[in-house]
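Chain IDs A, B, C and D follow the sequence of writing; residue 1 opens each chain.
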Amino acid sequence: MESKSGANEQVVEQANIAHSILKTPSTFSQYKALLAKDIRQEFRTREMLTSMGIYALLVLIIFGVAFSQMPSSYEIMPISGGLIWALIVFTSLLGLNRSFSHEKEEGSLQGILLVPLDRAVIFLSKATSNLLFLAIVELITIPLFYFFFLSSEIVADTLWLAVIPIIVGTVGIAGIGTLLATITMSTRGKDVLLAVLFIPLSYPLLFACVSATSAAIVGDSMMMSNYISSVALAAGYDVVMILVSWLLYDYVVSA
Amino acid sequence: MKKNNQNTIKTDTLAIEAKGLSKLFGVRRALDGLDLKLPQGAFLSIFGPNGAGKTTLLSILSTLARPTKGKAKVLGFDLNENSDDIRGQIGLISHRSMLYPDLTAEENLLFIARLYGLKDPKGRVDELLDAVELTLRRHDTVRTFSRGMTQRLSIARSLICDPKLIFLDEPYSGLDPHAVDILDGLIAQIRDGRSFVMVSHDLQKGFDLSTHVLMLAKGKEVLFSEKENLDFEAFAQQYRATVGMGVV
Amino acid sequence: MDPILQEIYSTVLGGAPFVIGAYALLWVVLLVYILYISLSLKKTEKQMAALEEALREKK
Amino acid sequence: MNENVKVGGILDQLANVALVLGLLLTTASFILTFTIVPVPQSNLNVVPADQPPAEIGGLYVTNALMFSQKIFYFHMPVAVISLGILFFTALFGIMFLIKRDHRWDLNAKVATEVSLVFILMTMATGEFWTAYEWNAWWVWEPRLTTYLILTLLVIGYFILRNAVDDPERRAVFASVFGILAFIDAVVSLLITRIIPSSRHPVITREGGLEPLMVMALVVCIFGMIFLAYGIYRTRIREQRLRIRLDTIKERLED
């Protein structure tokens, strides 16, 4: 203690200069700090990424078993859009459930709430980090899906168009999922509850995204006529739901 | 209501001024019409049996929960209207560390410093790591720390915004003797010009540190007094009587 | 059932069992809920009475 | 909270009136529906081969479109009302978040409960209709699916309520989820209408409704609204009585 007294006195001195050390923080720098914390933590532990990745792989194996008795592999084309979304939904549920585990572990969320900051920033940063981790997992698992199930098929030239609904859908899942994960983290039986709340709530988004993704994979002109409206509706859902979540987040996270 | 645009506090404002604070959980009254006036620079120790409303009071005053009824000013700012002004000037040290176990000591402090928007986050972090004697372990993750070290870091974390009012929620629970010494030393150092509100089960320690004492039972004030007017033995007697009464 | 009658019913009122079924189920759901409410209301009132009794004995 | 828990006010007496009125109107609509309301004239182009049109009173109608259509007169009112009540769940949720008065939370909870009852009634009647017209008890048709999702949302609302112990937190979470659920229900209805599902096209009927049909429908809608309000109010009364009881118990313990 003795040798440190110099430094300690400095701390005491700091106390007397009233708040010279604080400046008004910009919302964007707070957003950056929160996001950097999430990313750094995840890349150190890789908890969400590995568990989501392995889970996605297992789901793919189950798909393989489910189709093992199919007479012709051609049949898989129209349903592969739905399968991709089943994969994304189950994987993201797992990830979303974990996204707040570090905040709860030592009461860190309380520490963040003690800082003067707009609660919506917490939502935006958490949604961004969830989106990022989901995107990384999708970047691995969706090509894997193609490799396992579609590589022997003659897919339509419009296949690349499937990227757009997948992006739009993932944004929506990250947005609404972050709000729901915040709600369920402080409830009993949170794992099941997240699924119970999340799946019905994301149903319109899933419906639109499956329609657009299937259209892109099959490339049928009749299905393609729905493509634009499906993507537009999915984007509309994103805008409405993320806006509402953003507005309501303060209440949820402070409760 | 006084409009206070600057972050500075007038010396004549009270640290805490509460009127009729109540908190209902359904039909249960966790806090029942509590009045409280605490001058700046005071050290208030709150005692009471479990469920007396100590932690509820602390979380209301630290802006983490909102009262069902009643008004309060903390450092001259209204609790409901200017909560962000209050948040910039308070710190909370609790038995939970509020740290991220997988980040290093330095990363944890830097994160919270940036969140508060300090002018010189790096300098402040160095200073605090020094003060809690963790400079050597700054690049180690918190998971590898002992309970005492974690608590020291947690204290540094709470002091990062240089708070004028510090809340202590059973800070001594689970600390090793060395950590207790450091906490005592730190409190003694920063005591000057700051106000403290502490919830503790350690009667002797809480009494020794305090300038004011508040005893709660069932959300109501049983005793509020300056310490000078109290004798420890008599106080301890009353505390035991209250706890006995409070056990439901 | 008489085959001729059955034929008459099947040609003229094929939808009848479904209409009756739908209508009946509608009221069953509603009645069950009303029953549930009135039962819990009775329970609350009973508790209230017991409480009043206890209060009277206290005095 | 306790001061607001009034029981036996003017609204509670109105509830009884509403219940009686509701019963009368729904009965009236029932009698109308099965007596004087005409059967819609079918579009003969859609008559399935195995169901030859029958001649009744000079009108050629098919079985499929004739009698089962009667379900419509009580299916449609409960469906509209269930969604209408869900709007109140969202509204009360917003009111709670603004006022922080638990009265609004209780209102929202009871409204959702009544909405669930009406959703179940919609599902039940809809199921019978589907079973007759499509010869299947379940198809993944947009309207049906939307209602299934609605049912799950409302059940989820109650599961959420049960999973939170702190009343303050429970009220906030339920309010937020109630708002989201209502928006989601509306969005679901829109999306499933706009994007055609490739399996089962929505069956469209030729021609509009005749005045008598509209009358039966309107009478039933009003009857159901009165019933819904009467039930809602009675349930509120019961819940408030319980809160008052709990408050007294809590006070007695002190």
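The rule we apply is simple: a contact is a pair of C-beta atoms (placed from the backbone, for glycine too) under 8 Å apart; a residue touches a chain by one contact, two chains touch by 3 or more.
Fair warning: this is a prediction, and the values are worked out from it, not measured in the lab.
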{"item": "Centre-most chain, if every chain is reduced to its averaged C-alpha atoms", "value": "A"}
{"item": "Chain B-chain C separation of Cα centroids, rounded to whole Å", "value": "57"}
{"item": "Geometric centre distance via CA averages, chain D-chain A, whole Å", "value": "34"}
{"item": "Chain A and chain C: spacing of chain centres that average the CA atoms, whole Å", "value": "45"}
{"item": "Distance from the mean Cα position of chain D to that of chain B, given in whole angstrom", "value": "51"}
{"item": "Chain D, residues touching no fewer than two other chains", "value": "168, 249"}
{"item": "Interchain contacts, given as pairs of chains that touch", "value": "A-B, A-D, B-D, C-D"}
{"item": "Of chain B, residues touching chain D in the complex", "value": "24-29, 65-66, 68, 218, 248"}
{"item": "Contact footprint of chain B on chain D as seen in their complex", "value": "1-2, 100, 166-168, 243, 246-247, 249-250, 253-254"}
{"item": "Partner chain B, residues of chain A touching it in the complex", "value": "1, 4, 7-8, 10-12, 14-16, 18-26, 29-30, 32-34, 36-37, 40-41, 44-45, 102, 105-108, 110-117, 254"}
{"item": "In the complex, chain B residues that touch chain A", "value": "7-9, 62-64, 83-85, 87-92, 94, 96-103, 107, 111-112, 114-120, 124, 127-128, 130-131, 133, 141, 157, 159, 161-162, 164, 182, 185, 189-190, 192-194"}
{"item": "Residue ranges of chain D in contact with chain A within the complex", "value": "97, 145, 149, 152-153, 155-156, 159-160, 163-165, 168-169, 172-173, 175-177, 179-181, 183-184, 187-188, 190-192, 194-196, 198"}
